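Per-chain numbering from 1; labels A, B, C, D, E, F, G and H assigned in written order.
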Amino acid sequence: MERTRIVFSGSGGQGVITAAIILAEAAVIKEGMEAVQSQSYGAAARGGATRSDIILSNEPINYPGVLQPDILVCLTQSVYTQYAGIIRPGGLLLTDPHFVKPAKEADAYQVSVPIYDMVMEKIGKPIVFNISMLGTLFGIRPLFNPNSLMEVIAERVPKGFVELNEKAFTLGLELGEEYRQDF
Amino acid sequence: MTKKIKFVQGNEACVEGALYAGCSFFAGYPITPSTEIAELLAARLPQHGGTFIQMEDEIAAMSAIIGASLTGKKVLTATSGPGFSLKQEAIGYACMAEVPCVVANVQRGGPSTGNPTHVAQGDINQARWGTHGDHSIIALTASNHQDIFQMTVDAFNLAETYRTPVILLFDEAVGHLRAKLEIPTEGELHVVDRLRTSLPEGVNYHPYLPREDGRLPMSDFGDVHRYNVTGLFHDMWGFPTADPTYINDLLHHLVDKIENNVKDITRYKEHFMDDAQYVLVSYGSSARSAIHLATERRLRGERLGVLELQSIWPFPKELIREKCDSARAVLVCEMNMGQLTAHVRAAVRKPNRVFLANRTDGKLISPLDIKRSLRMIQGRGV
Amino acid sequence: MAKKKLKEIAINQSWCKGCGICVAFCPKNVLELNDEGCSTAVRPEDCILCKLCEMRCPDLAIRVIEEEEEV
Amino acid sequence: MAVQEYIRDRFFPQMWCEGCGHGTILNSLLRAIEDLGISKSDIVMTSGIGCSARISGYVDFHSLHTMHGRALACATGVKMAKPELNVIVPMGDGDALAIGGNHFIHACRRNIDMTAIVMNNRIYGMTGGQYSPLSGVGTMATTAPYSSIDNAFDVVKLAEAAGATFVARTTTYHVAEAVTYLKKAIQHKGFSVVEIMSQCPTYYGRKNKKGSAVNMLEWFKEITGKLGSKELEDNPSLIARGIFVDEDKPEYCSEYNKIIERASKR
Amino acid sequence: MAVQEYIRDRFFPQMWCEGCGHGTILNSLLRAIEDLGISKSDIVMTSGIGCSARISGYVDFHSLHTMHGRALACATGVKMAKPELNVIVPMGDGDALAIGGNHFIHACRRNIDMTAIVMNNRIYGMTGGQYSPLSGVGTMATTAPYSSIDNAFDVVKLAEAAGATFVARTTTYHVAEAVTYLKKAIQHKGFSVVEIMSQCPTYYGRKNKKGSAVNMLEWFKEITGKLGSKELEDNPSLIARGIFVDEDKPEYCSEYNKIIERASKR
Amino acid sequence: MTKKIKFVQGNEACVEGALYAGCSFFAGYPITPSTEIAELLAARLPQHGGTFIQMEDEIAAMSAIIGASLTGKKVLTATSGPGFSLKQEAIGYACMAEVPCVVANVQRGGPSTGNPTHVAQGDINQARWGTHGDHSIIALTASNHQDIFQMTVDAFNLAETYRTPVILLFDEAVGHLRAKLEIPTEGELHVVDRLRTSLPEGVNYHPYLPREDGRLPMSDFGDVHRYNVTGLFHDMWGFPTADPTYINDLLHHLVDKIENNVKDITRYKEHFMDDAQYVLVSYGSSARSAIHLATERRLRGERLGVLELQSIWPFPKELIREKCDSARAVLVCEMNMGQLTAHVRAAVRKPNRVFLANRTDGKLISPLDIKRSLRMIQGRGV
Amino acid sequence: MAKKKLKEIAINQSWCKGCGICVAFCPKNVLELNDEGCSTAVRPEDCILCKLCEMRCPDLAIRVIEEEEEV
Amino acid sequence: MERTRIVFSGSGGQGVITAAIILAEAAVIKEGMEAVQSQSYGAAARGGATRSDIILSNEPINYPGVLQPDILVCLTQSVYTQYAGIIRPGGLLLTDPHFVKPAKEADAYQVSVPIYDMVMEKIGKPIVFNISMLGTLFGIRPLFNPNSLMEVIAERVPKGFVELNEKAFTLGLELGEEYRQDF
């Protein structure tokens, strides 16, 4: 697999960093790939923008920063404004209409998926929103076997919550598949 | 046997390395970006009968590991800038009293409180000269998780071998980065155990008399040999003396045991160095970008190599000369105002061919930053 | 001196973080969190001007403003 | 003047988390100062490092944001150099009593005319939830994953034993008390300590299952009792609130002035 | 065994001045240890820097002569790493309560099983007679040429407030008391503090016109009174001698052992 | 008008210099061999309405002078090795927050408690690199009482001019030596007063915005301008920022304001340098022996000169090059393992012609010691 | 068990610094400083074996040695 | 005047350092000479050897140590043993028979003056022994006007003690004059 550079961005509390860690950990532990994940630390405060960079590869990864992501997820309007411009031409830009009103133009495959609303409708617990987001991403573009992701999720959440997360992940996967495109 | 693979922060790689090396005592005080080391050890150490203690400040933490080491334990503390400054007096004590211990400094932006949550490599010279008086020190660093693990094990090994504090100079970028770590199997890496005297009770034991090979066997507090440990200049039993001869000899011993063993202590990696015309000298997270750039440029046929230092102190002068003297230019890539650069310059024959590619704003230096500097010194503009 | 009267419970919506402290401890249930998660005075008429909401707000987002006093 | 006139409003909304008690302490302190009518230029606020220490950036006084634990030592320099200034020193529990413990007891001992405020959330907020010397046995924290075995200091007892001449304690729930005590503390000639129990819902609350800020305020109400109240008498396991010490004793700067007088005569 | 068998006699005659009380404290301590019959190899004596700190060089135990003020911090490392050792920490008044004050209160708070001895001569002996936090108002010292304005700590009160579970005070005149208290302190499971008022005829004595060592011992007799004695009752301005605290509370190392047990099961 | 002549210790010369410069606040903690500075100021300061305070430790003392300086006072603290190590965090704070203050370090033997009552010059590099993070510093030294007085005045002047901590690197031998001191009359030496802003109330004052001449006018705490002081990277009002541009700029400002003014800051003396073939580079009490030797040898016609450095940091590289490049050999005389020597080597064109004449046993290096080294490098044996 | 009897008051003259503490506080005036300024037992017969001299000596210079006990 | 190098040695409590300071201070303040005085610091303990070096000159003095003193005063047997050998050939070696039994041979003018006994006999206060020693030295070899010394002494001691010191100094002066020798 070619090197894949991913940026998840949003606001504190949306779980984007956890999602990023799960994605990269699954790549490493379950798929035997190389992966790095980093994030910008802010001061403890509400509403600060959060960004996490992930690189997946089969080769060793040195510089861990992502300048031009192949995949960019923006979950607030402000990070969308801030980061939409850095997407690699032809990349995938995933947003959620609940948070972001995407601009018309972008040299990328822009998808706006109503993940949040679906989560609230079908599950009712905003806490699993980030897991559904991961599912959606894999629905659109399966970077590797989605089961690997689900395994990591299962290892990370308390026993009683595995099922809930599974539901959220599957919900996302199905939702994402509707937007799948071949490249 | 398949190895255990983990996906962890660099700080956790340090924790894994410490446990592998046999660390059983940690005393610390939280500070960003080193805190995870303390937090993880608070959970892990007692699982194996080891001890974690959060002290009232960094001075106490450093003091506590000194006390614990003397009972025979392998000990660690971890901190960052302001805490590293506070520990300096006690680090000097450990040098003087020859107490093996490891001090991890996960560097952040300084001076002062500075830029606590962002990367810098500004404590290079402080690691060498932070405490008062002549002395010497060992400081290691690493750019990736596997090496953090390895260098942490090496730090414990060197601390035991030379009976001295060893500094681990990590930085925020590698410390917080999450990546793959393969835990070596037991026995795969060499672990140096504490050298204990074999003298039985009643035989005069000299805690500060080096053996022929230069090592000084220790005796645990609580064991049969009762001796004295002090930060004053002392004789071979550890008792204070103001005799000029003893003072001179001890000071030279403290410096020589390290400076005369540069070769043994030096750790480095070469990347594409075979026929390199331009040499990037780097370390820690900066080295990741240097290697990144070299990898990319090699694909285009440019003869660019990276000399990655994994030990900073004692400064590997000979190595630098050997690897750099034939280069057209040397570019030192670091995140400070040129602390290592000055030492590289002092080491090579043509100091005016040594350049600095740096970044001092809290952002990780990127391959592009280095490329720009390289173009400049090649006369190609940015 | 007449009884003090409420003029306005001024809530700085851009400072309020919606912690709910003012809401929970208003003795007269005057306040509620609105859809944006900000505090609003829904029953200002019940307000007894105790100013506990103003004093407890960690974000200095509330001011309980009295009418000019009638002498 | 409204309390909003004592702040640097360009830094608002402030950076503390939703429901963080430190904001309420800022609020109480400003009210105390407003009531006392002290001029903004006569106050120096000195803080250390911590979430709590951010308070000095928000107030429109002379502000000195120092090193972790060193607020009182720096403040002592300010006060001794210019005794006419009003020196207020808010500190986190770690700042005041872990790394700063020595300066704390020595400031008490000297009885130097400053007001120390311990913003006690029983945790290291800024570094992400490690236990502090005020956490107490049984507290969960990132460095106490099996729960803490460390006894807590009783700040009131410690301050008193060390020589502070005004000592009080209250919580962020009891805001009227807080304003009263702070006013008295600032007016007191000598070293005064006001401990204000504060909520950190983000770390202490989450780790110790104490719920939201609102829940934590309810909890403060439950676990404390006013000095002299029947409630406290009946249940001595409650944490006492009130003024514990209020004494008149020679103040350090005044005593030093006498030294100057004596020395100048020589 | 005579006390002389617990010392490193090649360093005798010791280096303290003629009549220095620190020698008497060494004497009392050795007697206590002899009475208790503790094996020399089971004891670690940790000291800081000061005339007092020299004591660790004279005893034939494991001895750790550390940095000024850091004796208790180093000792905490020793004890936590090997709880079976008997850790004794004699300190000067400056060592224990000026630069070392923070470690002092935190060791008290943890109630870690060590014995702290404050060799209180109310002056910095080693550096030539500066005032210490135990000198007290009115003391003459090289850095208090117009007499000191600094209040003294009451070590007993401070130790108690900070959480020590055994606290006693006596003087170098009252040697039988000293031996008894030291024995109890060493036997006590938890953090024990024994303050022993000691004479520094060279600096404190000379600067404050207290005469010879003999005069200073007379003075200790005069200015102190035994707890519970009529003398003390009649004259509360006397400094009380006796055992002030002797409590049974969870000890830090034992509590940590429980953590290890719990953690190992996971 | 006859000048006041005193017979005093070097430490007292420092006290006289400080009072002459307008020092009105001292906070300290006793430590040999600097204690006399505190003791004398305890008596002298209150005579002029100034303040002396003995703090609970060196950290508190350093913190207290920072606080006092911000009220507009000229401030001093004094210490030695272990205390200097403890002060490092706060010294870094003073660098970052640009707080003028003077720190005297009367050097003794290290590392650790070391050799407290004897001379050494082992804190040279620590003065530069003791605190964490990039920064710069000014450090002065002196070999005799008149110069101690002068350098102390200069230290206060430079602290005010550059809004920075200035280190006085004295040593036990000059600190305790008793000798003659002529107190200059008022006005004889230049005294730089605190530069205060002339902006009236209400006008936006920028505490951290340098004027065109590079200086930053201050405003006393208690005055009409209320601003913020912090050890975090900050903007021109003193408020914290993590903006990479601000961070980069501030760091460069802190370093450049000193490094770009080496010429203005450099202080030195030449002894018999006109046609010297052999140059002794020295400072502090070591320089006394170097000058002694040169005086003696000159009588015999040997072309031996002494370059006495009175400022160590910023390192006067250009000066060293200018004065030493034409010498047959350069002999650096110091009481450590060659700390200054390394910098001299890095400065000159022929580093292999730079030699070290040192002594590290607590005894003052003597003219004979230097003579022996000189004979060795001249190939004449001892 | 018979009363204890004094065998010897052994004073290590090379350790004694002559501070006079033992002399001043001996309840029976047994001790005196000699010409070299060292403590000596001048009236050993008066000694009551209280050992206060031994216990107070800062220099560990005195040992009050008893006769083997007679049973 | 040529450079004069002096070493005073004895044990703590004999006041040799004070004597050295008085001598050097008088040279500087009263005589307008250059002088340096240094001493070896020991640990606070009884009976430690004390040594103080003094150099007097009309030229600036750089290296302050004395390797070979022109004048050596030894006031205990142990310092005599230690230092007698360093005297400059032809120098003056002053001892007191109360403390020192001098060896027969020395390449110097050796004088043993019973200062202590005279002080005890005539004054009875050992505390002024060092002042008498200074007087004796100046009696034997007046390095400069003895009045200068006495002036400094008068400035240094409390008012009530000036007379006592004057007496001690004069006693020494007279004693020393008996041993004066011309060089």
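Assume a residue touches a chain if its C-beta (ideal position, glycine included) is under 8 Å from a C-beta of that chain, and two chains touch if they have at least 3 such contacts.
Predicted model only: the values in this text are computed from it and were never measured.
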Note: chains that touch chain C and chain F both are D
When E-F and D-F are ranked by contacting C-beta pairs, first comes D-F
Distance between the CA centroids of chain B and chain C (whole Å) is 57
CA centroids of chain C and chain G: separation to the nearest Å works out as 83
Per the C-alpha centroid definition, the whole-Å distance linking chain C and chain D comes out as 27
Check: chain G positions touching at least 2 other chains come out as 17
Touching at least 2 other chains, the residues of chain B are 32, 43, 46, 56-57, 59, 82, 89, 93, 112-113, 117-118, 230-232, 242
Residues in chain E with touches to at least two other chains are numbered 16-18, 67, 98-99, 101-102, 106, 128, 133, 146, 150, 256, 259, 262-263
Per the touch rule above, chain B residues touching chain D in the complex are 29-32, 35, 38-39, 42-43, 46, 52, 54, 56-58, 82, 112-113
Per the touch rule above, chain D residues touching chain C in the complex are 2-4, 7, 12-14, 16-24, 26-28, 30-31, 172-173, 175-176, 179, 212-214, 217
Interface with chain F, chain B side, in the complex: residues 59, 81-82, 84-86, 88-89, 92-93, 95-97, 109-118, 120, 122-123, 125-126, 128-135, 230-233, 242, 244-245, 247-248, 251-252, 254-255, 336-337, 339, 342, 345-346, 351, 360-363
Chain E partner, complex, touching residues on chain B are 25, 27, 43, 46-49, 51, 53, 55-57, 59-60, 63-73, 75, 89-90, 93, 220-224, 226-232, 239-240
Touching chain H in the complex, chain F uses residues 5-7, 32-33, 117-118, 173, 176-180, 288-289, 291-292, 295, 364, 366-368
